[in-house]
């Protein structure tokens, strides 16, 4: 029989239709409102900084990565998220460097998409924060005309930024070092100092809700983080009224952006649901500890990075219980990797 | 009490022996391919650190007051001998453990963390309980770093790490990331 | 001391055999003596410059924070009070002390006090000059710290910050912007709030502790 | 001062000397130091070609005299001799064995029937309609064996067949384990006769699947010493117990070339490109 | 009525759901592999040139876990040779040239009437009739009817879930021959000395539920249980969980918890065997798919070549890319349409190029969807990583043996990782390692 | 024992690159990472280590026939500790600032695996001459790595070299380089570059 040209593939012969690049691009798309909010508050500087970090990330992925991986969208996503954690006045060369470092050392040396242990955007940011602690804690005020630069964005590569922009302490800095609160409304709307993407809590929550609904992010992680932070800070506030209350803790700083977009990076989060709860609780606790007892006003980035390091152990401790057995999969003893 | 707590937390997290003080890198890079081994080595180290703190306190208190110039040599000789005894004991009673830790057990002697602890303890003039807290913090911090590194390396065992990074390169990059992450603990306990 | 892993052949499997024990002991004693001798000679040779350096460092610090006193006394803490004499049998290194400075007329100008506590990275140790009667500071100098270069290290690199302590009245208050209303206000460094506040806190704690002791000493010494 | 120093050091030394001496007596475990020495000389690739679980096991057994140093096929002659000298034993003799592929059906002669899409490993493809190859016994050419070989002794040839380089092959058997079609056997290099086919279909049906298949015509059986070759269930089988009786005549009339006379050499005539790569 | 995890693939049953079963004519040639069931292949008992009647044995059962193979048409043995098998290998097969002019009619009873037979005699008769599980695994049914002495069977569960997309053969049996199903149940209950029977049917077959419900014989304790529509509801252990609420222990058979699961098709086949007196020589096959011109539910003589069955459905359309024996979730792609329909062939599905999965495979992004899909609660993501690096022993330690290759994990994987394929390869590799070690 | 000149050269150069204690043997990483945040520290550490290595190698080699096997490790430790204590005092006497910056790491030379490793694996078996050459080679190799590391870290991290400003006032230093992560990062990138170079060279050779 001269039949059709036959293809043979393995079962299952059908697929659910979602692909990894589609997930990445969907998340990118969901970030557009957040970027718009950043541009609304910080004008052209916001767009410049984000563009620079995306460029850094994409160029690193293109040059150092395997062939054709830029198209999967993950590098662009990393760049965008990195950009959103930076202050508007940051010199562009730093944002570019951060993107490149995040992708190069946070992702590609581990083997590229899927294999990295630490969130590449946060590796990039942690690198920048350790390298340029002054520049990255210089927070321009919101408002102003769209075309006004919010800092020395165009400082020459290698050169220090001229410090002439109007800056303001972030709500967390105000709270921690001066004991001053910020009205909740301002926090929700985003009319406060801070990094590009962290200010508009409401917008981020809406985008996150959309992603959770579409199944692109695991709702357990943000929920677990919010829950832990709320409970812990409410308790502490109850003991010592000088400590910030729960709404402030939830909606100030990078918590919302971190919980919704960065802790949920599935590559660097546990695969099991129980592990995700554990991971989320860990992030929540660390955020509160660092914010209240640590030296830094904000701890979301470090909390996520630290829990990233604990992900293999979270996975190992929460392997599913196999159907028809009383036992979990070999964890501590047998050596569950991941 | 607060003082002891700070000493412990500081050695465990803020000034983690491995990740911020660069002490004990040989086991950190050498014996972290499996979590199970890392845990055991970490605990062995914790044990030796406690012994060391004890010895250092004893020597400082009763022997070296008059002869500070002999500090280093006394520390190293005493610690080396003690570890050798411990090593023999392990070899006798747990041949499996001995085989798994292999050549690294004698190297615990020649491990910066151990001697470093003794020196820090002396320089900072820690008393007995302070020394113990310091040793516990340092030992747990070392174990934590070892276990984290080992669990990450186990995960990377099945990853597609590029050829140039395989081996020590990737381990150093992981260490850099861990060290970056631990910067989050900076200032912890210095409460204003 | 013997090492267990060096047996060349099964025949030599009895522990400790090979070299006679007396030889091992002799060799070890000899090398111990040799090592001790070498170390002691090195110690002797280097002790003077080392002591000199250390003394010079202390001296420079005291001079700086006490505004060039003519001379100073070392006061030791003995059973809750300051004395000039080292308590009997005490290890001079282990006893807490302050330095009381005098001007060329022999009038006390103030005391130099060392103190420390954890800052942003690790313990910050500093020395400061205090006029115990008025609580006015004479100066402050950071001795050791591991604060972040570029941020926390401004507590000793930023001369503006350091200068504020001269003439300020303890207990100090760290503020973002100096209102000028109070002698106790010290402006903290932006970006190094923790380190600056740690400095302030060290001084306040040490003042609270030493000021009464110093006052008591002065009261005792005057009559 | 010197006296003080000596006294302190001596005191410490004495205390711990006694401790260790005691410990030594009570805790000490003897282990033959020659094991370490031999293990140090071995290549430590833990390939298992010697049939033992790793080089250390080999060292233990050589020290105990249970196995001759030459059985480590990875170590070169110098190393084997060195071990033998160290232990004062005879290095022994090991027959050079190599992996042989029981298939010659490259993509030029054995067409695929359907297009396999999916994971590019033989193990995975074998589970999907036999990998789509017309001959379901034949080599899939997805190089599981090449990847399994620690010694780079297998190179995938132009037609998608693995080519074993006898000089590099240590007969560790990793390829035997790796091939899902069980196409490798480890045989002494000097065995000259090999049937390079496992296809059990006989006659023209076999040739439809592959032009170099053994079609079970039985000519080789007639031309060889009686009983040396037999055609059982569709493919010729050599009785290697009697390999000494083999002559090149056996392969002369094979219509497909499925049976070959190797004369102790490499299995496939290397294609020009391969030869070039080898030469470089 | 459900189990945890699982997936919801598109059902695609509308193509054939409403099409009555029809009988296809005899082909010119049938090919009867001696290996059509789990267990030992049958032993050949004919020679080339022999003439056989419809229902005559061509292969004898070889031991207890084995069944005979019968000629599905009258004809002459043309050859006994290696022939493509639908599992992708070659198998020893009897090629039968069908006698065009033979009457192919019913013959004197080859299988005895069941009334009056002891359970043991029923089991023997079922074996002689060559009945195997028609749900796909083709496990000899008589073995399941003879549980070990120390275990009692309290419930017979009939698997009418038919959770695979496209397939409707069980559905049509339940709609068209509900009495036959009940008759089969009666025989089986008798054989196992069990009292109770539950028929589990997914809720997307309301007509089948209604038909079965309406025909329950008053003297039988039979219940029809509507089940949640979810893949793999029909998998034995999942079904037991859904119906009886218990987990069959890992590595154990359902009979350890006192239940036996039989596919509706098997039950109907037993009924038919005892009704007609003919052994199992034909089966109902759903031939469907968007790559097929005229989908159908066909009664196909066992041994009919796939190409002949497809020809019955007016052949495949030009877009056809992949021919699958079985359902699209667990079925096997065919490289050779000369392979025959065998007893375990539930369906033939022809997929178009558009439907087949993409070729690009991305690395695992640890999204965890596979963990949420796996009905036996494995960690496919981890198993996949281990498989990629050939760490088979570790896969075994992570319960590879419990994986039933349902493909749920690979179905949901956004990175398109062929997880279940890797697991199958892993199982094969492990088995070979074990064999090598032995 | 008259070693052939080629052999002496070999003893001398082995440690520089091919068997570099840090980059190839991965020994002595603690000091390599801990003290390389400034070039001055790196030099001081390198020189101190070189001194100890040379002293102990020479002494071990010259005493190799005297020291019984049973106490050899103990004796080596004694010898090394003596030299280290001496070096420690000397540094404090000569360059107190640097001594303070190096912290405990001068004393920790005692446990630097390079030194005990060379004593045990090399010096105890060869002539004094060869042991000395080896010590110089290894010590220089170690110092070289310290110099490279501390050069990169100081230039990037402080914008200075040996304390002298290089770039003028507007240079933005990469503070991370003088912080702990910078140590890991710099060595990690070094190793990546080395591996990359080696790989590329191999590829070129193959082509």
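For reference, chains read A, B, C, D, E and F in written order, and residue numbers begin at 1 within each chain.
Just so it is clear, contacts are C-beta pairs under 8 Å (C-beta built on N, C-alpha and C of every residue); 3 or more make two chains touch, one makes a residue touch a chain.
It should be emphasised that the depicted structure is a prediction, and the values quoted were computed from it without experimental measurement.
Considering every other chain in turn, the ones in contact with both chain D and chain F prove to be A, B, C. A centroid comparison over C-alpha atoms places E as the chain most distant from chain F. Between the CA-based centres of chain C and chain E the separation comes to 84 Å, rounded to the whole angstrom.
Centre-to-centre separation between chain E and chain F, using Cα means, comes to 70 Å.
Per-chain Cα centroids separate chain A from chain E by 49 Å. Chain centres here are Cα averages; for chain C and chain D they lie 69 Å apart.
For chain F, the set of residues that touch two or more other chains comprises 73-74, 78, 81-82, 85, 89, 175-176, 179, 181-182, 185, 188, 192. Of all residues in chain B, those touching 2 or more other chains are 69-70, 73, 77, 81, 84, 88, 157-160, 165, 169-170, 173, 176-177, 180, 183, 186-187, 189-190, 192, listed in ascending order.
Touching of two or more other chains is recorded for residues 1, 5, 8-9, 13, 16, 20, 24, 28, 113-114, 117-119, 124, 127-129, 131-132 of chain D. Across the interface of their complex, chain B is touched by residues 363, 385-386, 388-389, 391 of chain E. Here chain A touches chain E in the complex through residues 1, 3-16, 18-23, 72, 111-115, 218, 266-267, 269-273, 276, 315, 319-325, 329-330, 334-338, going by the rule given at the top. The touching residues of chain D, when paired with chain E in their complex, are 113-114, 117-119, 121, 123-124, 126-133, 136-137, 148, 177, 180, 182, 200-201, 205, 234. Chain A meets chain F in the complex at residues 91, 105, 109, 127, 130-133, 135, 155, 158-161.
By the touch rule above, chain C contacts chain F in their complex via residues 1-3, 6, 8, 16, 18-19, 23-24, 27-28, 31-32, 34-35, 38-39, 42-43, 45-47, 49-50, 53-54, 57, 144, 148-151.
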